[in-house]
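Naming follows writing order (A, B, C and D), and every chain is counted from residue 1.
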Amino acid sequence: MTRFLKATGYAVGLPAILLTAWWFGSANSTNTFWPPLSTIIETFPTTWTWDRIVADVFPSLARLGIGFGIAVVVGIVLGTAIGLSPTLRALSEPVLEFFRAVPPPVLVPIIALFAGYTGWLGKIVTIALGCLWPILLNTVEGVRGLEPTLTDTAKSYRLSPWRRLVFVVLPGTSPRIFTGARQALSIGVILMVISELFGANRGLGAAIVQFQRSFAIPQMWTGVIVLGLIGVLLAALFKVVENRMLAWYLGQRQIDRGE
Amino acid sequence: MSSSPSTLAPPARPRVGARPRRPRRSRDLWLGIAGVLIVLAGAETLSRTGIVNPDFLPPVTAMYAALFEMLGEGWFWEALWLTVRGWAIGLAAAMALGIALGFVIGSVPFLRKFTSSTIEFLRPIPSVALIPLVILLFGTQPQSAFVLVLYAAFWQVLVQVLYGVADVDPVARDTARSYQFGPIRVARSVIYPTALPYIMTAFRLGAAVALILEITAELVIGVDGLGRELGIAQSSNAVPETYALVIVIGLIGVAVNLLARFVERKALWWHPSVRSENS
Amino acid sequence: MAITKAPLFTSRRAEAEPSAAAEGTSVALDLRGVQKTYDTPGRPQVEAIRHLDFSIRRGELVCVVGPSGAGKTTLLRSIAGLLDLTGGEVVLDGNVVTGPPEGMAVVFQEYGRSLFPWMTVRQNVELPLKEKGLDKATRREKVNRALEEVGLTEAAEQHPWQLSGGMQQRVAIARAVAYEPSVLLMDEPFAAVDAQTRAELEDLVRSLWKHLGVTVLFVTHDIDEAVYLGERVIVLSNRPTVLMEDVDVDLPAERDQLTTRSLARFGELRGHVYSLIQRAKRGDRPDAPLPASKGE
Amino acid sequence: MHIKNPSSRVRAALGAVAALGVLALAACSSDTPAETTSSSAAEPAASDSAMTETMEVTDVTVGLIPILDVGPIYLGVEKGFFEEEGLNLSLELAQGGAFIIPSVSQGDYEFGFSNVTSLILATANGVGLEAVGPGASTNGTEEDMAAVLTTSDSGISTAKDLEGKKVGVNALANVNTATINQMVRDDGGDPTKVTYVELPFPDIVPAIVSGDIDAGQVVEPFRTAGVNQDLVSIGSNFLAMSPTFMIAEYFTSSDYAAENPDVVAAFEAALAKSFEYATANPDEVRAIVLDYTQMDEETANAVRLPGWPSEIDAASVDLQAELAVTDGTLAEIPDLSNLK
């Protein structure tokens, strides 16, 4: 029992101290841009009512989901193709290196040229393109780094190319794909917000801008906190999916490390 | 080949013409260049033939013309310097803070456990969440970009350094202790060399993220730099200049990657496997 | 058996091998003038196998042994169709091997790396059967029988990396056996396990070989293991490989670790193969015998 | 692989990281956040100081929006009106009032230009502000400098047609949204059905042309640019309020006003002089505009100038407050004495 208490003590300790420090530190602050934590918490329920969540948070997350989904599919398909064929890889290496280096936010004005600022299409394309590179490059690395004995075994049992792809190449590369996907998710969230700051009308980023323009400072703080929570929730969700899909990999690594 | 009757002495070794094969490395180089040319030619034809509306995708030649023209203008170099400086300051601060805190927290088990939940909570918070705050605090001053860059890069560095300090081989640490190494010597000769590869990875990851946030701040908030110039070019419908700036920013990104890899190779020449895992 | 004392070692190579006549079903695997030279760009050419001619009859257990670096693995990979030959051909059940042939299973030395870590033991054994297009029931029955053969029934739902080295190699063997190949290739399969496990696995291979009647080509660097297991031991020269000698092992069919290994005959055979390997290491080769070759 | 004694190499790596740190510190110190002079275009011509008595000069930064309305202040600087009042102005450009207000209240800027609605919202939310003079207003004629533009074939001819349409404004929840909502109400429409999209002024006309948005509110010089691209106007959202509708004000933070009443008085005086001069010399306004916007000569001469009244129009302040309440961006009208 004490072990459980100790664990929760560690987990809750620092956050509790920080929160109380914030609470008292800002208790009677006069600076309107640093409202007391109490007012921020008070305005939370009134600001983030259910219909605002439906109107602002869901569209943002939907766009992130669609964009991220597209990036995952395209990234894996292209990555596997490039990873498997040395010529294709040599051909595409420098081009990929350049596109990977372009900071994703730069995509927003470029894609706005084609798809305009408002509306979903431009935002989804921005998110998809921004998330594509980490997944694509990690898949290529994963396919290239696949254990040669495994591919030999697959060949020696005459597994058809399709079955080799599904049972050997993809599972073998999945740890690297997940590394790429985690980076892509963090970039996706950044792009989700930025793509809404321009031509803002509906969405989480847009809501925060709206609060800021109308000097509703406490509401704006709640918006920032909601955005933070979404970042944390997405990371936790990702961890859950990863632990389920990569259970074999995590188990194996644990045993290798002799933990 | 018909199976010759098995005589005692096998047939004389067939002379294989030893044609000097072009080593694989330079073949890849040519293919790489070909790849780049294909993409450029593709963009050019797409735009010239009007398949893609030239107002939105100018011919590549126009982009480079705009780029070269820009190279001659003062504001370009000033913006470039501001972007690079913003990136460098933010990254340096993040590295210094991340390494210092990483070492302190990493080497004290109590601190390690005590702060882990907070780190796990604050780490995934997207740095863009701070944009509204920094706008209120610093408006379009460089400090806005500094805060965003510092916040984003700091977590990358801290987490890697914590991995590094935690990864110290207990056997090495015990041997050092058995030779009565003082804490400073243990840090210098055991913890630091083990942590160094992680610090280098931290530098590589931090450098990339720092550039993303610097450009974001310039583009979104209007902090001076290439990002802001890009926003202005785009909104004043100077399309070739917009693409030219994208190319420049992309090249900066490539340079940042190359610098990071160079520093990593230089500092880690002695490490058995220079960590090839690319971010 | 001839009345006069049979020459100490009957070397198959001496008889004129009527290769064509012995065709038909009795020969499972036939190597004809096999040659292999590695020619990777940017690196000097390496001649691995100069010339190999031997064949294995159906149902035979033949071991291949040679000094380390004698191209044993190259030979095995070319037989398994994973490596293109520079010259000659490998014929399995009458047809020339170009890629991994049907009816052949391979057990690699790095057992840990040849099992799919993301699959359970059962799934690993079952995968090749899926490829053969067997229906679910037959597959399940064959998998269970194979696992029972190697004594791993209760580990079926675990992941390979949760098992010991010996058990992992048993999974690889079970997978090969379930595939019901006509020829089973084993590339130094027990090099990486401890001595006790090796003895168990050697007896397992013998019992499977006898029980299932499969033709086995067993590559090893361990001379005792080769003589203990094989009906014949093919001794290879050093690189570029040629056939040193094809030694007939006339030990009783029923073998076990204690009695067989203490037989005088076992010691003689072992001594002969050992001397062959020593000569091979010194560079003595059939196609270029050392001038001052000391006595047998 | 024989690993040479790593310490010398490690020291080299340590050096590399330290160097990076030093570089940062050096770069940092060289740029202590002194007043960054405004973008080069708006560098005020330094009139020779011999003319003014030896009065110590106070440096003052003013946050402005790169639109026509702020022409007079540039003129005032050029003509030395501010110099005479002992003020050395440096002018900063931002996208809208909502950006300038925080900088003023935080003390980055001493003065700022913003639409009255934003000032009202800020005051209501406890941001201490003090108006120091009118900003700009409708020029009292039918030819107003603002307009709600749309394409000729958009089917939008009156404000009511804006229902269900996407309308571009330079900032959400400011004078433009409030006044357009009122136009829609006056025309019998329901403003809650209008979707506002925030775009910087330069982006609004291209967005209308590309169909990204259905209509957009612009002021000069973008109104003329839009008309040049044959966009049509369905009326000016400012003129629809009143012929003397005051849109914006110059302001400072109440702390600064309390601590430096003399500087504020000097700024108000110089501002009034600049307004008089600008109203009297419209062509000089058209010339100076080229300095701080991307306007070309031809557009500058074609644009309609706003009105620059001599004192604050209290009615406009009250009207914008009422509009904000009806729009729901404001709970109830706060004490607006500081803005009148």
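Rule of thumb we're sticking to: a residue touches a chain if its C-beta (ideal position, glycine included) is under 8 Å from a C-beta of that chain, and two chains touch if they have at least 3 such contacts.
None of the values given here were measured: they were computed from a predicted structure.
S.K.: Quick one: which chain's Cα centre is the longest way from subunit C's?
M.R.: Chain D.
S.K.: Mind naming the chain pair that shares the most C-beta pairs in contact?
M.R.: Greatest number of C-beta pairs in contact occurs for A-B.
S.K.: State, to the nearest whole Å, the distance from the C-alpha centre of subunit A to the C-alpha centre of subunit C.
M.R.: The mean C-alpha positions of subunit A and subunit C differ by 51 Å.
S.K.: Report the inter-centroid distance (CA atoms only) between subunit C and subunit D in whole Å.
M.R.: Measuring from centre to centre gives 85 Å for this pair.
S.K.: Please work out the Cα centroid separation of subunit B and subunit C, and write it as a whole number of Å.
M.R.: From the centre of subunit B to the centre of subunit C is 50 Å.
S.K.: Averaging only over C-alpha atoms, locate the centres of subunit B and subunit D and give their separation in whole Å.
M.R.: Whole-Å distance between the two chain centres: 38.
S.K.: Taking each residue of subunit A in turn, which ones touch at least two of the other chains?
M.R.: In subunit A, residues 33, 198, 209, 212, 217 touch at least two other chains, as defined above.
S.K.: Two or more other chains in contact with one residue: find those residues in subunit C.
M.R.: none
S.K.: Would you please write down the residue numbers of subunit D that are in contact with two or more other chains?
M.R.: 102, 106, 203
S.K.: Note which residues of subunit D are touching subunit B in the complex, please.
M.R.: Residues in contact with subunit B: 1, 3-4, 6-7, 9-10, 12-13, 16-17, 20-21, 23-25, 27-28, 31, 33, 36, 40, 92, 94-95, 99, 102-103, 106, 108, 200, 202-203, 206, 294.
S.K.: Looking at the complex, which residues from subunit A come into contact with subunit C?
M.R.: Residues 147, 149-150, 152-153, 155-160, 163, 167-168, 171-172, 174, 248-249, 251-252, 255-256.
S.K.: List the residues on subunit A that touch subunit D in their complex, please.
M.R.: 32-33, 116-119, 198-202, 206, 209-210, 212-217
S.K.: Okay, in this complex, where on subunit D does subunit A touch?
M.R.: 96, 98, 101-102, 105-106, 118, 121-122, 124-127, 166, 168, 171-174, 195-199, 203, 207, 210-213, 329
S.K.: Would you mind writing out the residues of subunit A in touch with subunit B in their complex?
M.R.: The touching residues are 10-15, 18, 33, 87, 90-95, 97-106, 108-110, 112-114, 134, 137-138, 141, 179, 183, 186-187, 189-190, 193-194, 197-198, 205, 208-209, 211-212, 217, 220, 223-224, 227-228, 231-232, 234-235.
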